[in-house]
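In the two complexes that follow, chain A is the common piece, with chain B as its partner first and chain C second.
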Partner chain A sequence: MIDSAMTETDIQLMFCGSAGDGTIAVGDIFKRAMAEAGFKVLAFDIYPPEIRGFGKCISRVRVTSRQAYSLKHQSDILVSLNDSYAIPHVSEVRDFGGVLYDQAPISAMAEGEHISGHLQPGQLPYGVSMREVSDQTTGGSKAKNIVALGFLAGLYDMQREPFHQIIRDKFKHKDPIISESNLLAFDTAYDEGVSTFRLDFIELGTPERQDIGSKVQMMTGNAAVVRGCLDAGLETFFGYPITPATSIMEDLATDLPMRGGRLLQTEDEISAIAATIGAGYAGARAATATSGPGLALMVEMLGLGVMAEVPSVIFCSQRGGPSTGMPTKTEQSDLHLAVFGGAGDAQRIVLAPTNVEGAYKCAGKAFEMAERYQTPVIVLLDLYLSNRYETVILPRQNPFEADSSKKRSHQERGVPYHRFSFTDDNVSPRTVPGEEGGIHTVTGLEHNELGRPNDQPDMHLKMSEKRHNKLLGALDHPGITIQKRFGDEGKVDVGILGWGSTFGEILEAMLVAQDEGISCSAMKVVMLSPLPLQPVQEFFSDCREILIPELNYEGQFANLVGSAISKPFTRLNRVPGVPMRVADILDEIRRLAAQVKSAA
Partner chain B sequence: MGNLRQPVYLEEKLEQVRESGRLNIRSKALPTWCPGCGYFSIVDGVTMAINQLQINQKDVTVVSGIGCASRFPFFLDTYGFHTLHGRTLPVATGIKVANDDLTVLAIGGDGDAFAIGGAHIPHAARRNVDITYMVFDNGIYGLTKGQTSPTSVLGFTTSTSPYQNQDRPLNPLLMMLSYDASWIGQSYAGDPRHLSEMITQAIAHRGFSYLHILSPCVTFDKTSKTYSNLKAQVRNLPDDHDSSDRMAAIGYSMDVDTPPIGLFYKESRPTLSDKLDLIVDKARGRNARASG
Partner chain C sequence: MTEHYVIIGNGVAGNEAACHLRQRDPESRITIITAGRLLFYSRYELPRLFHEDCDWRDFLVNPVEYYVENRINVRRNSFVTHVDAQRKSINLAHKESISYSQLLVASGGATNLPAELSDFAPLLNRFNLYTAACQVRDILPKKGKVVMLGGDVLGLDLARNLINEGYQVILVATEQTFWPHRVDPDERKLLLGALTDMGVEVIENAKIETIQEGAPGMSARHILFDDGCEIFADVVMPFFGLLPAADFMMGSGVDFERGLLVGTNLRTTDPSIWAAGDVCQIWSPEENQYRFYYGWQNVKKMGEIAARNMTGDDIHWETATDHKMYIDENRQIVSPYWEHD
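Let's turn to the complex of A and B:
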């Protein structure tokens, strides 16, 4: 390795090709090898919506010594596994970055079809013999992606061992010959890469040293949700497949029964939430996972969960909408539905994690909150967060409470049971079927303390107050950050308020703006309902200008905040189906900062 | 809904129950049904069955949808969940998946079951969820005051079919037979003894039991499924009907003019919980092999 012990690593690779080229697979090996080598990784793949065929796949992997918040708009290297797909992305390679491509494609290409003709001045061409090395080492062209990886690793002078390990692991269920020939392909390309080129314009640097004994893991947002569910002691799960939430159910289908839990694929989302609420009523920790169209089907049941005060946890990973919308594209446009969806005044808890570690935390805490406040809790993710990989350090000690429910006290037992008794914190002690002395019926009808139907105005008012006020307790729920401010402290020129996965791009933009000397800070809001209004208000009064960037057309979070705060602010809305560009946020920050300066 | 001008009738009803020694299973709430509604005798049937099977009330959970029939849980002193229109079965499934030890009764009207809730029935049946599903079929929407239902007969006049119902009614028993319910029976609110016997059997069956109960809506149906009409039409299934013979059961289910009451079909097969337990065993086996 180059002598660069003190160098901070920050490189971003982009693999582009068709589904048949093993594009996603090679990106996966790369990011796993980097995580194995001790680097921090943030990676996001873009697939074509079609299952079959040869649609375009892109795998972007950012490798850093300290955890990054988002992908960069510009990559350092573009690896082309299919020139016609990769050509439009050449512009996403930074100045003095490189493009790695097959210099001798088997078919003679017409003028202009070869990527080397599209490089911009300053970009470096790395033509390598991908197909040739693949043929020589494996007897076919299928290992082209592994060859490209070998060249790349050689160019950067990366350690081979992590790559060997991941490649072996990848092929461990296949004939050993396949594994061996792929390793050979990798090594041959690696040696050639080392001898032919040197990316001397980039130093890879060394990974940041980890705390001794802590285990860094690389996982997606959905995988983190699964881990959170399991650590929180999930007992039952009911779901109906829908992109991008499906992998939550798929992983739980394997893992939950290993812990004695039960999973059922229901006939639709209405049944999924109905069974979740049934199981919650019976005292089990229960959850379901869906996306916008499924959540739309669930809202009537959510209302029942609110009215009957039954715990349930709903994961909703947003995709482009409305309707079937853009199933494989990311968006943040289900906030209105999650926070307000349904009949009547049906307030519930909504949590929106901003990164993979947050997804783990929110998933586990959602069960505590659902039980403690006897309510549905929606955890709002999006495709970008569900599918992106990050290296995370999970706590060694399980951070979640096994039982957070409010039980009847000793004196309360033996007296007639009032399921919906009025209490100081507005949460009534709860019994579950099978419990002696706690018999009661719950209903979606308005009811009295006993749970008997009652539609008198006084009762409806008192019960409405109870249902709303009990949720305020969640604002102080222990062990979870429901909002946080970053960047400059005190009064600043520009404040950026954000939620969900877009907060990563917001932080990256803020850091650049700070470097440019702009006084700014950013606040993330994790709990969207009930909204932590006081800190948000304080943030508004500390910032001369406020910017709210989000991936939706209507400005749904801005609407939510705007309905509670009268001070004007600036919206930044984008609906490209992919993560927001850091540069877009940065431009707005600069513009607002200039505005403040010129007004001063 | 209806009129409650005859409290004497309710008192008499309660007196009868009191005498039968089953009053402890009844809750203190007075039923909100119209005097004469078929549903009263179903409450009796259920309390008798729970009594006879000696199930502890705390272990019974009654789940219902929305409708007159679905008011049922309020009138029993057991755990109860009055859910949403049509969603009885998935909620009941969730409860059973969470706690096998509970006796779960699912209850709904014909609209709740076969109109809005129709999509759930085949799945609860084929999974063989160990619950007892009782549909009170009055061929009309009672709670919303008399509209056409999926089991309303052809030519029936209601507020939403002022020019008569033009659609043929569904055949719930035939559906259940093809949905693979593991216990299928029919009874009639005008025959309390038969009713309680059938409910007892249905609850005792391990697996998904479907009991179809013909029950008049005295307020909104004066012509079709009335006590006198039903009394004249209903007959017992022949003694020699073999309840393991699905084809014979299908034959009887098609007789809608003189509906047979009794046990149509019964089979013994693993319940949903059995299957979920098996999955746990398999998962643990695989896990043990992987780590061993």
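Let's turn to the complex of A and C:
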């Protein structure tokens, strides 16, 4: 990288093209090269529901020397691989940012069809011979994306080698001539980039030193879930493919058997949850992964898991709904379903990580909790978190317990076994089938301590209390952040309460607001059920105004919090199918801060 | 129907015209097409690069917001390949065609390089664009040596700035020295003397045999003259005046001599095409010939006249008096062409 050790790096690129242009692929190469160079990367791809040949693809990559929490609202560079799709996004490039495009497309075009006519006055054009270089080096126009990447790398004086390595790796299963011709395309464009006078003021500095004793990796939220599952000792996985959760099963299909585990693609989501609960009952660490429509099918069996107190882990990556909804768009609208879905008082644990590293931790801790509290645990992701890339620092030591079950004590082994015995912590010792002296009855019916059906009012009350109160222990579960406050301490003018992937945007907005002199704090809530009521109440007490931004129409988290806390707050709800804009949150913070000032 | 005024060229004439067109026809579309990548900047200010920490934003004549507020679309990095006067359309190198109601050609002049020096072009540094100026700044060592070939007014402006900053300047004088001023032999002798007094080393009557890259560790350029003399320099720059940059008008049907031929109203032989600035030759009734006029003020006036006539006026270019180069009381040469807004 260029020698500017003191420069803080914070650039965001946006690759835009149609399906089949290699837009996501080139974004992937770029972010991997940046991560390889030691930068922090946060990236998110948007693609159409169609498989190939139609629709817009966008890959946004933010490269920073220090940790970033969300994508920026405006990109520094736009790379157009298809002008008709990229033109609407020109306005997302900041002043004095650059726009790269094919300066010699193959066919004649009418006025307005070329992106160069849409640049705003402050933006800088970089015409690149994408098609020509691709033709010359590979004999076709398919490598336009690699040409654009090579030009970009040359323009900003990036080292070639990480790109070479990743391109070789990408084509390693194909004819070597494809790899070589793509490298030639990259290098030819790289030289063109080097010789192009750079007019913008974008600098790549030096990455921050990484934490010693940790492993730095770039991965998506779903990949982090997979990693968390494997580190936590997942033994069986049952699933049915659904966007945006499918890649969890895809990756596990490769990795889980290598660790001695089993994976089965079931005929539907109902079978998947049923098999997961069955495996959990048998004592295996078991999980499934789905999205909102799949979770809707699973809630009946979830009730069985709650009633029978069987551990299971369900990963739900939310997308736009209801029904089939918007499969490739992000949303946070399954909170009600995850927390309340199902018949009866079916309390369960719901975790919602806010970033990729959190996805890893929540995934692993979900197994501990499911075992410890003998209940289904839902880990609520969303498309934005599932698909976005971040460089994360994973601990070198496996942070998860291999077995968290509460087992019979030595003394208890000598007495008749009561599977659902009432205990101080409301968690009963658990046995697995085949364990000597552990025979018991399990049913979806309300039951007594032996597990035998019993619908007497007193028993139903006591068992309901048991199932409810045992989960409160999860609020103190070790090694996981249940909630956390950021920003100014003590009394503040504006507090922002958030959950899930939107919390990154909340943090970015809060940091800007602080820079503007606004007294503010943000709190993320990772455990949505049971809700950490006391810290949330304290946060409410500390903040003169409270803002709750979330990507759903109803304000589902606000409803959840509002049902427990009477203090008024402000909702900020958006359903654009894409991550919330930092600017929208910031505007609300400013408005509320002004409101506090004027009231004072 | 909304008029679409297209202006080829992003210099003084084009931007002055755009400004007047917007004032006189608020509803119209205005598009400026330029091969450059930057908005309109002052090339006269480029020598500041040698004594200030500045970049292209500091040279912008209008702020970015000006173009938004005035709805002037500046299409940069766009190369015009052909003008079809019959269809009233322009073809761009990236295969896009743009139609116009009225067209103003204000594409200015390109650096003139005599044919005998064309072989050495890769070894010569220009100063006509911001990017070229930055390259000179970047490769020229502190107190380094610059050889100027020719020495038109743009070159001499740079020369005096370089001298003031401690650089060495050698001028290889030719008949284009002082261009576009018309200088008689007596004046020329006085002016060259003044240049010497200013610190410029002047070489006259020298014919360049070859220009080569310097040996490693030595000065970057090596100039050999036909009399056997030689000069080592860090940068060699040609300043031989400008040639109209309007090759794309070939085949358009518009009359073209050395530049686009226009009447005193700046209209070409096509009723929808106008020209202004260094690209056009204006009919001079007094001299009974077409001729060029240079300098910021002249070119700016042309832009205004063209715009007004494009929007219905009938104003005519009045023959300007030729500006004289002179020597001031401090023995400094001064060209009125250096004056700008």
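Going forward, the second predicted complex is superposed on the first by the 591 of 600 C-alpha atoms of A that agree within 3 Å, B and C clash if a C-alpha of one lies under 4 Å from a C-alpha of the other, contacts with A are read in each partner's own complex, and residues count from 1 in each chain.
Convention: a contact is a pair of C-beta atoms (placed from the backbone, for glycine too) under 8 Å apart; a residue touches a chain by one contact, two chains touch by 3 or more.
What you are looking at is a predicted structure, and each value in this text was computed from that prediction instead of being measured.
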Exercise. Between chain B and chain C, positioned on chain A by superposition, is the outcome a clash or a fit?
Worked result: fit
Exercise. So, does A:S134 touch the first partner chain B, the second partner chain C, both, or neither?
Worked result: neither
For this session: Could you look at A:A104 and tell me whether it touches chain B, chain C, both or neither (first, second, both, neither)?
Result: second
For this session: Going by the touch definition up top, name the partner, chain B or chain C, that contacts more of chain A.
Result: B
Exercise. In the superposed arrangement, does A:L124 touch chain B (first), chain C (second), both or neither?
Worked result: second
For this session: Kindly classify A:S501 by the partners it touches after superposition: chain B alone (first), chain C alone (second), both, or neither?
Result: neither
For this session: Based on the superposed arrangement, let me know which partner A:T266 touches: chain B (first), chain C (second), both, or neither?
Result: first
Problem set entry | Touched partner set for A:N222, first chain B, second chain C, both or neither | neither
For this session: Could you say whether A:Q332 touches chain B, chain C, both of them, or neither, answering first, second, both or neither?
Result: neither
For this session: Once the two structures sit on chain A together, report how near the CA atoms of chain B get to those of chain C, whole Å.
Result: 48
Problem set entry | Common ground on chain A, meaning residues reached by chain C in one complex and by chain B in the other | none
For this session: Provide the residue numbers of chain A that touch chain C in the complex, in ascending order.
Result: 95-96, 102-105, 107-111, 113-114, 116-117, 119-122, 124-127, 197, 199, 201
For this session: Please name which positions on chain C make contact with chain A in the complex.
Result: 37-39, 55-57, 64, 66-68, 73-78, 92-99, 131, 134-135
Exercise. Residues of chain B touching chain A in their complex?
Worked result: 27, 29, 57-59, 61-63, 66, 73-74, 77-84, 87, 89-99, 101-102, 119-120, 122-123, 127, 272, 276, 279-280, 282-284, 286-287
Exercise. Which of the residues in chain A end up touching chain B in this complex?
Worked result: 235-236, 238, 254, 257-258, 260-264, 266-268, 270-272, 274-284, 286, 300-301, 304, 308, 432-445, 452-453
